[in-house]
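Shared chain: chain A. Partners: chain B in the first complex, chain C in the second.
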Partner chain A sequence: MDILQLIANGIPAGVMYSLVALCIVLIHNGTNVVHFGYGDQITFAAYLVVIAQTLFGAPLWLAIASSVVISALFGLFIYLAILAPIRKTPLLVQVIATLAIGTALREGMRAFMGPDPWPFPALVAPRIFNLSGVFITSANVAAVAIAVIITVALFVFFKVSKYGQAIIAACENAKGASIVGISVTKVFASIWIVASVLAAVSAILMAPVVTLSPDMGLIAIKGFCAAVLGGFTSLPGAIVGGILLGLIETTAGYYISTAAKDVVAYGVLIAVVIFMPQGLFGKAQLKKV
Partner chain B sequence: MTIQLSLHDVTVRFGGLTAVNKVSIDVSKGTIHSLIGPNGAGKTTVINTVTGVYPPTSGDVLFDGKSIAGTPPERICALGLTRTFQNTELFGDMSVADNVRLGMHRIAPYGVLSAALQLPTARHAERRISERVAELLDLVGLSDQRATEAQFLPFAKMRRLELARALAAEPTMLLLDEPAAGLRAGEVDELNGLLRMLKDRFGMTILLVDHVMPVVMGVSDRITVVNFGQKIAEGEPQDIRKDPAVIAAYLGH
Partner chain C sequence: MRTSTVAKAAAFVAFGLWGANPVFADSTGVTDSTIKIGFVGSMTGPAAIWGSGNMAGATLAFEELNAAGGVNGRKIEFITVDDETSAPKGIAGFNRLVQSDKVFAVFGPSSSAVGVPMKATMASSGVPVLIPSFSSPLMTEPPAPNIFRVGAINDRMQGRGIANYLVNTDKRTKIAILRQSDEYGATGAGAVGDRLKELKMAPVANEVFNAADTDFTSQVLRVRSANPDAIVVYGYPAPSAIITRQLREVGIKAEIIGSSATSNQNYPELVGKIGAGTKFVTTLEHQPESDFPAIKKFREAFQKRFPDLARQGRPALGDTLGYAGALTMIEAIRQAGKDLTREGYVKALESMDGYETGISMPTHLSATNREGNTKMYIAVIKDDLTREVLPGAIETK
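Now for the complex of A and B:
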């Protein structure tokens, strides 16, 4: 296998990590909370599609649309009902709350949908393109295309629009933001909605490729790795970190063994934390004493 | 003269500590009113209570005749009352111009979609906003640094930027929390000039909290003195200067 094929396999895996990392960083920038239940929110959104299709007989587009809407409302619920009321407690309490949300979702799905994998409908007809010796599947093309569109849309939103700027401002300095008339509560609520909508999008891209079981959300750990790689506070960093992680994994999978993929990925995470804790795009944390 | 901001017997308690005890202050429209007192006298607590950082334990705060006690800061901003902070609360990663632009959050007329599509109305609005940003930066003397990230400004300029951001919201009243602390003599004169101009040219009402006597005595129409959370004197600068209770509070008994 040549290097181009490795890239062609690594990038689609990477963009999934990028999407997850992007949302984890977004939530973290706004509320300082690392959302450990995010992966399970993705699994939940994937199950919503399956439930709408198999239990209610909805067509795929309707199933996807309802999953996006319910996921968004669920994100708003998490913020308003759980995290907003405890926002003044120590950070550890809030982080454990996100762990609890994740566990409740995961075990809830195991209880109601069973521990066995469910088949997930492919978004696009399965095809394999041959670009002069490099093979690319239609699912991967769709994943990259959607991820690119979402990324571009988000960056335009944050750069150009007033509401995007307000979100960035409130993430940086909530006190300053509220004094210029920005409702910090609304900003945080909208962050949770955006992240939860993207959880549904990730679910739809991921579920056909990996196996949809209650434990699918474990893939979010790779999103954390990507976020750490990118510096954990930088949105572009999250994107680059995700793609880099995808490439590293694929390369390790080919040259060492598929079983070594995860070992290498987490090895990179540990190395980054030890030698470059500010990540690729983060700012060095210097504390004046 | 009409009263713009009025505190009625405002008391603020944090647990067992009474930070502000039955303080009443009336600030007339179009005047500069100063609130002074030794460290820990409760001045910042008064400002925080007025701007909705925390509600008063008892008593009431009226702005333009309406009670604003317990109203969140973003709503108070919408009523036309805004402030600066003792240690500045800027958006450090953003440019000087963007900080001022964000000050217009409440009044800027364009939305997400029109801005993204660059519709003519949005472009027109955007041009007006840019002009206004330039005007405000000129007013506080930061025109040369519009592209600088706010975190790299020297402290005195951060203060002025925060003032520009506050003015961008087009308030009718400003609360300034120690705008002169740490300024050099020349900078104090500039600040005095700026405050007087805001009052004379724009009819702004200003409640000023400060320690720096050349500023307080130089610009104030009226001064309220607090100590240990209680009002101990109120009057015009020349009376305050001679007031025995004030001298005792500042020099010790």
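Now for the complex of A and C:
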């Protein structure tokens, strides 16, 4: 019975990593930038909900809506004010800039909202379902369901919609896309907005489960691992990578040792990087020499 | 083992000889009208959970003192340094306070991860250091002549106290331990295990977790397999809150008891209703939200002085221990008299035997004891998520 409980808990734990990985991959695919501050952007979005509730007395729905809108604007701000001006600098400069954004957000929240963890309102009424001895919480069900919806929506958007196709075109060949009339600046800006809206959605799902504190964004480390497992260029890969990581962690911790949980998880990651550098869903990179 | 014994012997010899050391009979940082006190602590980074509170509490105490005319005619000049939860920065900050700012004494640091690596630097400086909150026993084992701790209880004592409570008071016989993987968890939970061994028992499970983890399914299920009647969770508030929820979510009904790190005022809300009945260690007989007169007076003064922190639901434990620690420091300076020297200040601290701030545990120090508090209380989270301190302090020596 414990194996079923491990799966029942491992999947939602992994979905938390998947949500982070999904947007890291989205930003990377779209703009070539690896956003090391993304975890802190999720934390920031969660704090926006708390701020709206505690400082302005907003009801939960309004607090969530405010968080989504401000996150979107903040994503646009990151692109227009920080990353667009340095778009032609070496990639390392852009990566450092994302690290700086993350640190500024984390320490800013620590200073403004205090270093202590904050209670975060549950999106769904807390309930525990007992399925023949396997316990499943309503928060975990909601997280998995919404993650599936987001993935399907993104998949359809990029495969079916014209705008999604335009984004893919701009990502693959920015110069070519601009020649045929696609505004690369608009495409990049829209990717940042979408990723930032998803940061708010992730925040609302994550914070009640993993506890909101200024350091909640550290979960992004696992999100990066999930992205690497999935191939770093594949959106479905990010989802599968996250869930796999969650399952590996829980089962290794249970069957081997809780102290070895991370050793096994990161060991698998290193093995994937060595033997399958393209990840589970990525495409092998071929270079003519 | 041999090296450790020799090191301890050397430390005790040094401790014995220290009283005759004239280096400490100085008045650095003291003028006719001021006393320079330095603070080094974590105002940013993960340990700000304690450091920012220690600084805010001490700031309030010193400002109140200065407004009342100071101590023995001198006002406190409080100089603060942020260690950013980094030991190298803590050491650099301490050296700056001592060498550049030339402070009389230091208040802090605020976390084990920063404080323990700083110990050698602090000990060799000879500058009196008063630690108001963190709990690593390594700061007082072996004792350094100039380093004192008040208010908080060290993890070794806390672990013993938890084991004593569960076995002797609660009559538990199957105790599981879930501990943080760092020095904090290893020391505290190790002490629980050591005390259980003395009581002819062994933990039925002993699981480890990382402070930054967000899922603890494997630990929780391993504990469930051991079918305990009590579970000790020795870790920081965020992971402890998730663990407590997950323990209940998989149907475990055993008693849960957390370390003093979970005694912060908003912990019950972090865990939620599912955590009602969870117990925790506290070194405050009256919690910061209580209406005990001395606490109420402190809370009102704190919230008036720091409205931005009041908005965060403070004062919290770190604020309270910072305030109480500063009051203890002030009292020792007062007792040291008009001719204030570091030696006189240390002697005044050593003479404290039962000094009460009204909001923290009484301080008992001596020429050979640098650990001001050896008692703790157990508190419980009630159904309405308020907290109740159970009667009777637990002696942990």
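The rule is simple: the second predicted complex is superposed on the first by the 284 of 289 C-alpha atoms of A that agree within 3 Å, B and C clash if a C-alpha of one lies under 4 Å from a C-alpha of the other, contacts with A are read in each partner's own complex, and residues count from 1 in each chain.
The definition used in the following text is that contacts are C-beta pairs under 8 Å (C-beta built on N, C-alpha and C of every residue); 3 or more make two chains touch, one makes a residue touch a chain.
All figures in this text were calculated on a predicted structure; none of them were measured in a lab.
Enquirer: Applying the touch criterion given at the start, work out whether A:L6 contacts chain B, chain C, both or neither, answering first, second, both or neither.
Expert: Once the two structures are laid over each other on A, A:L6 reaches chain C alone.
Enquirer: Just to be sure I read the superposition right, which of the two partners does A:Y163 touch: chain B = first, chain C = second, or both, or neither?
Expert: Touch status of A:Y163: first partner only.
Enquirer: Check whether A:S183 is in contact with chain B, with chain C, with both or with neither, and answer first, second, both or neither.
Expert: First partner only, chain B.
Enquirer: When both complexes are superposed, which of chain B and chain C contacts more residues belonging to chain A?
Expert: Partner with more touched residues of chain A: C.
Enquirer: Examine A:I128 and indicate which partner it touches, taking first as chain B and second as chain C; both and neither are also allowed.
Expert: second
Enquirer: By the touch definition at the top of the document, which applies to A:T251: first (chain B), second (chain C), both, or neither?
Expert: second
Enquirer: Tell me, which parts of chain C touch chain A in their complex?
Expert: These residues of chain C touch chain A: 44-46, 48-49, 51-52, 181, 207-210, 212, 214-215, 217-219, 221-222, 224-225, 237-238, 241-242, 246, 249-251, 264, 266, 269-270, 272-274, 309, 311-314, 316.
Enquirer: Residue numbers of chain A touching chain B in their complex, please.
Expert: Touching chain B: residues 156-157, 160-166, 168-169, 172-173, 175-184 of chain A.
Enquirer: Can you name the residues of chain B that touch chain A in the complex?
Expert: Going through chain B, the ones touching chain A are 51, 72-74, 77-78, 82-83, 85, 89-94, 98, 101-106, 108, 110-112, 115-116, 165-166, 168-169.
Enquirer: Going by the contact rule set out above, which residues of chain A touch chain C in the complex?
Expert: Touch residues, chain A against chain C: 2, 5-6, 9-10, 13, 16, 54-55, 107, 110-111, 113-119, 126, 128, 130, 135, 137, 209-211, 213-215, 218-219, 221-222, 246, 249-254, 258-259, 261-262.
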